[in-house]
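Structures incoming, each one as structure tokens.
Both complexes below contain chain A, partnered by chain B and then by chain C.
Presenting the complex of A and B:
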């Protein structure tokens, strides 16, 4: 046992030396996560607010100006200015300067005074579907509310009492993330993506490299057992993965004010299980891939893309086609994103999240077993 | 410059590719997988949000609210908790994303002609769901209020607003329509950079680069022979993506092939240059691969390909213009979705041309220096 430990230590020491001889890899493994974190925390967001809007008020009466004012006071529309004619509106759209145009034709005030429906047009640029969809919903709501207000004022003047209809007022509450900050939503998932990239990609590559350089054969004639070789090779990367995780967590909590509402212990335990699952995936790739390039691309396919797209990290999984939802269960990212987000934002712990942890543990077991079978087959 | 020698180098590259059958297969599986992921996952519209209704009123108006929400297609009513405290665990476990709380006495308030508050709770831990959920909730309630007035018979005689909300360019609002054009450029960058960056390093690692230069091959021939096979592969990949996009995902194509080809050609020169630069600056293939990841990550995230540029802070917007991918995505979207015509894409083409010339000549200079060492 002691000898085995010494051998594992020797392999780990060799791997660390490799790493130190190539400080650029080390730097990238440690810096890339921080760069990604900064990008996601500062740059990326799905918050659609202040969408550039132009107004073409052809009526130009107190009534139309009052109507336009409701757009100005809304948080969603950012009225940049007024256009002089339709041609200018077209140009602004073509140059991507505005996404929404509100057009009030002349006769707006006259129609309202006459008790008729006043027509307005709201144009949105569908080449950014996300904001266009929200714009459509907000514009519809805004106009319905405004129309009702106009009607009530009119009825008041007529001596009728429309207020007897009453009205429903939506009181919006956003739980878990009341300021609606995208970074709070993205960072817990980002940890998972980064760990997947670091562990899977690196373990896949480091073992294939030994084989390509022929040093793997040399090692099999040494007294090393296969298990010892693997543990030794993977140990430094495992530690690096945890270092990454810690760095991201510390920066997000202290710098970006990400709340940690749940149990840190549960998070730590889950992280260990998750890292094992990821290492298992990397081992499978290294057992199958004949060359470094193949290992790289397989790593992208198996680690990066599913972690990025099928984990629920940025793209909600509820609305994707059902076969892809099933597929998402085949990758560990999905379980871990539910855990990190639950612990950080919702204050959840073992009682709420044990199914995810159990799934992750089962997954790690299966993947590690499969990789050892594949390795045995390869070496015979 | 001898065509024969260039052909020989190309042949050698192809042979090397064929010796790793898994690699060749992966090169073709990659764009397909990305198409499926980006076409179905990233472009998925947020619909059928799992919703809970806490109905403490149990009157006609609460039934009407429920019917309007479930009829909109954006909300699927999944559970009916009896009280507000029961909501907490449902949202905690993520079983529902939205909850509607109808307080007791809502109908009575409305009957008295008062304002009746109704609670809409959205799960803010998923910001897209939260945005879509709250905007549609606002729309549904506003429509309901308008309908209620109509039922009173007032609206028939009274004024109102008849707003026509019209979507330009992409009237179906399908996200795939803007995702696929961006994907064409992104896949080009991914595959060319991933493979190009390895090409020269591999020869240096295995020592065959030196052997190459005791042969009569000139550096120019070597470079052309080395790059061409990957250019052909990338062109094939892009065509597959574009065709699948147009015929399977039914993405409209309003532009002309020449516009798209010109833009992509310039962009390809740029990424080949970038790949070469990485290859020259790296000593091992692992280094090259990590460096590519390091360059590609911010490019993908800041190009507006997945995450809209207009949601980024104003200070960062100039940075996005430094990414060649940003311009390629703009150009392709313009051609596919908007069909803006040649005059409108001149700025994009000009910027891409500048990138191509600058980056490729730097790469050429660096290659000459490096190879003559």
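Presenting the complex of A and C:
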């Protein structure tokens, strides 16, 4: 046992020396995550604000101008101006100058005065479905509010009490992220993606390099067990990736105002297990890859794509095709995204998230064993 | 350890890569305390054989014993006895000389104090002491080989398996390397060394000639040289390549090869070789400046054995 520990220590110590002597790797591991966090967090945003909008007011009455004004005063719509006819609206869409067109037909004021339902057309640019959908929702909400107001005014004028008219009014609330800020939703997942990118690729090349350097053969003629080799290689990286996770979390909280509502201790423990699992995934690639190039590319693909698509980071996991949902269990991302979102946003901890932590721990064990077995297959 | 068992005993050892039988049923016994040279042209299977003995490569069939321990069934009992030095540089280029030695010795289970003592002793014995803190990447070819040998010796193995340890190394460093091997031999270590250099083969106590994955000839250097029939002649000429082409395959010429600037001819005809060879070459308009008999050395033996093996391969039904 003591001899085994000495061997694991020797491997870990040697890995630390490799790291310290390769400034490129150090830069990748320490600086890249921060750069990625800043880039992604600023660049990827699902928030819809200031959507370029054009108005075509064919009624041109005080009522219609008042209605259009509600768009101008909303921060979701950026009313760039008024169009003269439908042909001009079409041109503006074609030129990508606007995404929304609000068309008030003539007769709008008359209909309202008569207590009828007034028709308004809101055109959205479907080539950007995400912003189109949100803009439509905002427009609907805006119209509903406006309609309510019109109704009250009308009832008032008729001497009726609108409060006596029975109606259902839904009160919708979004929990955990009441402002609906997409950075709150994205950053906990982003941490997972970044850690995957940094870690998987580093370990993906490590065993291949031992083979290419011939040092793998020297290890074979020593009492070093494969499991000891794997653990020794993972230890320094686990520490480093944990430090990355810490830095990302601190920046997210300070710079992006991400709330940390749950147990920081649970998050730390989960992070260690997660980085260990992600590094183990890299080792599997390394155990089977025939060359450094293959290891590098498969490391990038396996780290990047599943982390992006199959972790719940960008798309809710229950909205992706069922076979892909199954596939998502084969990557550590989905468990960790559930943990980071749960801890940061929902204030969750061990009692709620232990199944995810257990899954990660099991995952780490399986990939470690698998890499040992696959590495033996490959070397003889 | 079985006291009566030979250092290395292989039987029926075979290994293929795809359709290529790299090692084909090798039987081999290496007595303890010998320097056993493994000769053979490139691709003869020397590396494959050594890697199987070193437990690095699994044989398809057959087995080998190191002091009675099977490389296939009990590799863990084998590795403490052996030191294996691969053909390519196999140290960490970004670690220093001392760090490399320390790392591999730790894996081998050598204690901390003992590691320090042995490393400084080996480094000073091999002239590596002043390079202790140099990164292995920056060492010269000869230094790299010495570092690998030192790493191989850190756990004090009894059997050294060295795969072309001096290939690509300058002559001075080669001589130095062999001085170290001779010292190990005096200490009673068993050395198996693959080499393409015939002067090194002369320094071995035993030799085996490997060809097409099989051992075709075995014995001491003197015994190997004795199998070469006929008389060896050296021809000095201005056109050695043309002479070689002219003489190869003609009657009474068993083999012809280049040796530096001279052409070496193995003559199996009667005593008038000088006159006969000269007249043949004059007929081909290739004047010879000198022709003299030479002592059969390993170089000539190697050329003869390689040639005759090739002919046997070609004429095999």
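The definition used in the following text is that the second predicted complex is superposed on the first by the 283 of 380 C-alpha atoms of A that agree within 3 Å, B and C clash if a C-alpha of one lies under 4 Å from a C-alpha of the other, contacts with A are read in each partner's own complex, and residues count from 1 in each chain.
Criterion: a residue touches a chain if its C-beta (ideal position, glycine included) is under 8 Å from a C-beta of that chain, and two chains touch if they have at least 3 such contacts.
Everything quoted here is computed from the prediction, not taken from an experiment.
Chemist: Kindly classify A:342 by the partners it touches after superposition: chain B alone (first), chain C alone (second), both, or neither?
Modeler: Only chain B; A:342 stays clear of chain C.
Chemist: Considering only the touch criterion stated at the top, classify A:156 as touching first (chain B), second (chain C), both, or neither.
Modeler: A:156 contacts neither chain B nor chain C.
Chemist: Go through the superposed model and pick first if A:136 touches only chain B, second if only chain C, both, or neither.
Modeler: first
Chemist: Could you say whether A:94 touches chain B, chain C, both of them, or neither, answering first, second, both or neither?
Modeler: first
Chemist: Which partner chains sit in contact with A:111 here, chain B, chain C, both or neither? Use first/second/both/neither.
Modeler: In the superposition, A:111 contacts chain B only.
Chemist: I'd like to know which partner A:85 touches here: chain B for first, chain C for second, both or neither.
Modeler: Neither partner.
Chemist: A:22 contacts which: chain B (first), chain C (second), both, neither?
Modeler: Touch status of A:22: both partners.
Chemist: Counting touched residues of chain A, say whether chain B or chain C comes out ahead.
Modeler: Between chain B and chain C, B touches the greater number of residues in chain A.
Chemist: Please write out, lowest number first, the residues of chain A touched by both chain B and chain C across the two complexes.
Modeler: On chain A, the residues that contact chain B in one structure and chain C in the other are 22.
Chemist: Help me check something: in the complex, which residues belonging to chain A touch chain B?
Modeler: Residue list for chain A touching chain B: 22, 24-25, 28-29, 32, 35-36, 39-40, 42-49, 51-52, 67, 93-96, 99, 111-148, 150-151, 154-155, 158, 160-178, 180-182, 184-186, 197, 205, 209, 288-294, 296-298, 300-301, 305, 309-310, 312, 314-316, 318-321, 324, 338, 341-342, 345-348, 352.
Chemist: Please name which positions on chain B make contact with chain A in the complex.
Modeler: The touching residues are 20, 22-23, 26-27, 29-30, 33-34, 36-38, 40-42, 44-50, 61, 65, 89, 91-94, 97, 106, 109-132, 134-139, 141-146, 148-149, 151-152, 154-155, 157-175, 177-178, 194-195, 198, 283-287, 289-291, 293-294, 297-298, 301-302, 306-308, 310-313, 316, 330, 333, 337-338, 340, 344.
Chemist: Within the complex, which stretch of chain A touches chain C?
Modeler: Residue list for chain A touching chain C: 3, 6-7, 9-11, 13-14, 17-18, 21-22, 213-215, 217-224, 380.
Chemist: Touching chain A in the complex: which residues of chain C?
Modeler: For this pair, the touching residues of chain C are 51, 54-58, 76, 79-80, 82-84, 86, 88-95, 99, 103-104, 106-109, 151.
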